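Okay, got some structures for you below.
Here chain A shows up in two complexes: once beside chain B, once beside chain C.
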Partner chain A sequence: MTSGRARLFKRPWDVWGLIFVIPGLAYFIGIFIYPTVRTIGISFTDYNLFTPPVWSGLHNYATLFQQGIFLGSVKVTAIYVVVIGVANYVLPFLVALLLFRSRPVLGIGRAVFFLPVILPWVVVSAIWKIFYLSPGPIGFLLGLVGLSYPVNVLTYPGTALWGIIATAFWKSFGFYVVLFLTGLNAIPETYYEAADMDGANAIQRFRSVTFPLMRSTSLFIATVNFIGAIKEFDPFQVMTAGGPARATYVLTLFIYETAFKFLRMGRAAAASLIMCAAIVLVTVLQFRLFRPERD
Partner chain B sequence: MERLTGVLLRVLRYALILALGIAVLVPLLWMVSSSFMRHTEFFAVPIHWLPHQANAEAYGRLVLEQPFARYYMNSIVISVVVSLSSVFFATLTGFALSSKYSFAGKNAVFVFILGTMLLPFELIMIPLYIMMRALGLLNTYGAVIIPGLLGAFGVFLLRQTINEIPGDLLDAGRIDGAHELILFARIVMPLAMPVMAALLIFTFVGSWNSYFWPLVVINSERLRTLTLAVAYMQGYYSTDYPLVMAAAVLSSLPIMLVFAFSQRFFIQSMTLSGLKG
Partner chain C sequence: MNPVRTFVLAGASALLLAGSLWAGGSKEPTGAMASTAPVSLTIWTHTHAPANAYLQKLVLQFQKDHPNFTLSYEPAADNDTYENKLLAALASGGGPDIFNTASFSDMYTFAGLGQLQEITPQILSSMGFSSAEAFKAQYVPGIIDKLYYNGKLYGLYREFNIFGLMLNKLAFKRAGLDATRDYPRTWDDLQSLAKKLTIFDGDKLVQTGMYEPLWNADWTLIPIQPLLIQNGGAILDSSGKTAAINQAGGVKTFSYFRALARAQNNAPVKVPEDVWARFSVGDVAMYVGSTWTMPLLKDSAKGDARFSPDNFVVVPYPKAPGADRVDAPIQALVWCVNKQTKSPTEAWRFVNWMTTGAQAVGWYNEVGYLLPTKAMMDMAGSNADVSRFLTLAKDADLLFAHPRYNEIGSAIFAAWQATLTTDDDVQGILDKAAQQINEALSR
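Now for the complex of A and B:
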């Protein structure tokens, strides 16, 4: 007994660590683990919230993969995640490289770029829904550079998703610029001095110093960006409600409507599990891809 | 030659910042400007960037014809409770899991809590809804608040912070016979205060902006948060744009103010989050 206690707690006060962790741990079990287990259970049933669930085995999964609406939402989500993922990586990286070490403007620029990041999506959606009207502000601005804007992009299946992507980029790029700047600032000056002594030009410096040393920043950004994008719901629900013709009907919207509009809890649960599997899979892949070489 | 490229680079930098700044600000300024327009002016062709006769009529209608003060109160109550609770429990849990204690399973608990960050909310939403219904909490503040009371990110952030507090400070207190709870309140909390404040702002804004879960558990008009109200208005008053814009301005005002007063702090908290780990 005494020896068991001695192994569990090295010092007498260590027992308080265990006591302090209990509320938090209980909360995470109650709010995350228990519901996850129940979602797995519900996904094998037909359940409409009002009559008891009926066991249906893998039927929900089988149905999903034959359902055009589900497969369509996976496709729309995949396009969104890839396009916004690349845009939020490449462009903020370039901007950060250019802004890096220009202190006076940086402070102001950073604050301004960050404004859309902190605004609610619902507000951003309201602004851009009106901005995209035709005739409207976007049309006016494009007119200034001689481009025509004949129709509201959000009302055409071919362009609606791109309208939302542009808005999402407007909202989030400041966040990624700041993340890249933080990463760049963490690179020790001596690395650049060494590169300069070897007579490296700007491109060589980037390839042999900046990029390799930005691996952990890159990993973090790719992960945050991906998880944020695949979970995105607000703009799709508020700006277009998934339309027109389901052109912006993403997975989160599919899950939400399947559950709370059509009351097919089992099918929604199955879809959310597939989504979770995708998140875990891609995150693991990203860790493989960007893992710092020795760490 | 070298000086020339230096100058060119500088010009390019300023031009880039200016262009991006304008691209960010134009839609925001237009939100404010158009909220002071009359309905007819809103649809002027070519459009007016500034109201020719500014008036606050849309704001008047918002306050008089809509329970807008009520929406404000709902958002404030929910965000205050969520952020205070998150910070307190993140600090306590972060302290427990920090280097200041060692007990069997500590690291496993930490990894488990971090792992919950990977779970999308959609995954737990149906059982949470069933739980809230069973507890009779649908259409109450409780249903909105409960899933936000503590987050893994906060635990991670506070654990990192508390790890850096010198252990000697705590040991000195122990020699004086202070209880661990006293050490938590008198040493850990004061030293972690800047990070706690950053987390407070971070969770307040996150809760203020949240839309998905309130949409699921709130039906009654009286309990709508500002985000729900702004979204519903876009549906019901879909062409009363000045009204929607006025609502958008009023609902982003508090976080704009928070941001204005704690900008550096704020950005630091958001970026510190991952890069150190």
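Now for the complex of A and C:
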């Protein structure tokens, strides 16, 4: 009879394989699995970091949905995610199409648009915070064309979020242009030749060739864009700290403050898990929406 | 009697006690306490260049006088992250032996969480004090009582900043006014003066009348609290368990500050940055300030010829009709000792030494921090600046503090921003803040 150990390690290199996997596995368990399981556990407790957690059942979840400040942060996050999601899909796609058709400027355009991507978010946020001052650089540039910039957009609740959205778009736009260009490059030229032979115009070429063959790229971009946007923290913390009057108080700021300023780790953990659930749900929907068609 | 009110009265008495116990420096321990066993202590503070330099000097001096002490001083690299760094360190069971809290309320918060080493009678005894009363005798009568939490003493003052209304004479002159004569006595005066002192050149703001701090939660209460109290309002009701900010006094106060901003064509909202730089050269006419403000203004002016200490006048906060007191705010920070320290007695011994006697006077001379010690009160007789601020202390109260202040302050700050930057109903804004405060207090 073969022993269990022998069945597990049929060949001598299986043992070595396992040994080599252990560091990666330990890292994965330590950095991803354990914190996730611990977060789930903490979300059912009252925990302030200093005294042992006390079981509170679903109280944190129930409280969150009655808490105006949490619901407000969900609303601000939703506006940000939708606006930046659409902007980061439509405009980079259009620019990528234009660049793709203008091969001589492709290299330069790609480099110019990609430059902001390599800057750290904190640096970008600090710089744009200065740009938005009034009087400041934006006011100066607008003044050159006869326009006025009387107030700092980050100062008023009605405009602050749009100021951050503009900054976020400026920072991430180039990244998505490059991704779209990569996707466009992967479409075989023969499809366009066939479309030309059929007498297709530019719109028909886009609708029947480009767009369907960009589904995988679109799925990747939509997913990365959504997850990146919902997790955004730095510009909100650095540029406005969630203000004025919580107009830019996104979910990540709520979680951060609830945990590390208000010492309500259980409630922050519950909010994190709700955010995680939202990410999973929307990502599944995106997969269904952009799933490549099978014949 | 309000302990702060006694500040100045006690100061006069203190002048008569020249050569008393503390005149030659703080009381140093004797006997069993004066151990020569090696002691190693780590000190963390938020960062303020003059304070960092002075504390480093005190550290070196103390080590020279006490060779068995090794003191490691680490000022924060960044004030914005200091509180979080401290929190993370304490939560992990580590952290410094001695630290200053990021706010007065933090002392209550950390004490409530069992993270602070109290100053026990044994520690007092080993420091050479026969009783708590003997220890308190170094200070303004009654002032140390504010540092008790659940009957235990958990801190000593690091700074005790009495705020007054600070006026820039240049800005007044630009509007054809004289700051020494035309300063505001009432809140109505303040509003009409702010309007006169605000100057626009087309869309461009040239001069702000009265600045209203919009971007920093910690500063929100400094302008608000005096008027709130004068209007009979409060942040919490008398039970301390329910928000009262949305009651009549709160609504009246927030409505006033909205009207103040509107009277200035929203000037305080339009340029929220660089207020110290603008105030230092006269582009802001009125703001709040304390004894440490002048060194900051000098730094902020960056050599601009328009800056001079002589350009500034400090006057009491305005008074509402019928109010019997001004209730100037006092913003205090506290030294605490980590519960996990291996040398609690030695840690408190160092803190006590560096905040009393000649060292306390040094905090004022080198940093601009006032401390409520008798040594400091003695200075009032010979230093006009100290005397001016101590005069303000006659009508002063510590800023609101609470173990749940971070949540309460966050709600008030959001309400303050909404009041100044929107036209939403003030009652509705404060109802929302009250709801958030009640949520914070509920568990």
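Just so it is clear, the second predicted complex is superposed on the first by the 273 of 295 C-alpha atoms of A that agree within 3 Å, B and C clash if a C-alpha of one lies under 4 Å from a C-alpha of the other, contacts with A are read in each partner's own complex, and residues count from 1 in each chain.
Here, a contact is a pair of C-beta atoms (placed from the backbone, for glycine too) under 8 Å apart; a residue touches a chain by one contact, two chains touch by 3 or more.
Keep in mind it's a predicted model, so treat the numbers as computed, not measured.
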Partner chain in contact with A:96 - chain B first, chain C second, else both or neither: neither
First (chain B), second (chain C), both or neither touched by A:260: both
Which superposed partner A:49 touches (first chain B, second chain C, both, neither): both
Chain B versus chain C as contact partner of A:15, first or second or both or neither: first
Chain B versus chain C as contact partner of A:214, first or second or both or neither: neither
In the superposition, chain B vs chain C on chain A residues touched: B
Chain B versus chain C as contact partner of A:135, first or second or both or neither: both
Which of chain B and chain C A:156 touches, first, second, both or neither: second
Intersection of the chain A residues that touch chain B with those that touch chain C: 49, 135, 260
Chain C residues within the chain A interface of the complex: 83-84, 87-88, 90-91, 109, 113-115, 203-204, 214-215, 269-273, 404, 406-407, 410, 413-415, 417-418, 420-422, 432, 435-436, 439-440, 443
Residue ranges of chain B in contact with chain A within the complex: 9-10, 12-14, 16-17, 20-21, 23-28, 30-31, 34, 45-47, 89-90, 92-93, 95-97, 100-104, 106, 109, 112-113, 116, 118-131, 133, 146-147, 149-150, 152, 155, 174, 180-181, 184, 205, 208-209, 211-212, 215-216, 226-227, 230-231, 234, 241, 244-245, 247-248, 251-252, 255-256, 259, 263, 266-267, 270-271, 274-275
Contact set on chain A toward chain B in their complex: 7-11, 13-21, 23-25, 27-28, 31-36, 38-39, 42, 49, 95, 98-99, 102, 105, 108-123, 125-131, 135-137, 140-141, 170, 174-175, 178-179, 182-183, 186, 216-217, 220, 224, 227, 230-231, 233-234, 237-238, 252, 255-256, 259-260, 265, 268-269, 271-273, 275-276, 279-280, 283
Sites on chain A touched by chain C in the complex: 46, 48-51, 63, 67-69, 133-135, 148, 150-152, 155-158, 241, 243-246, 257, 260-263
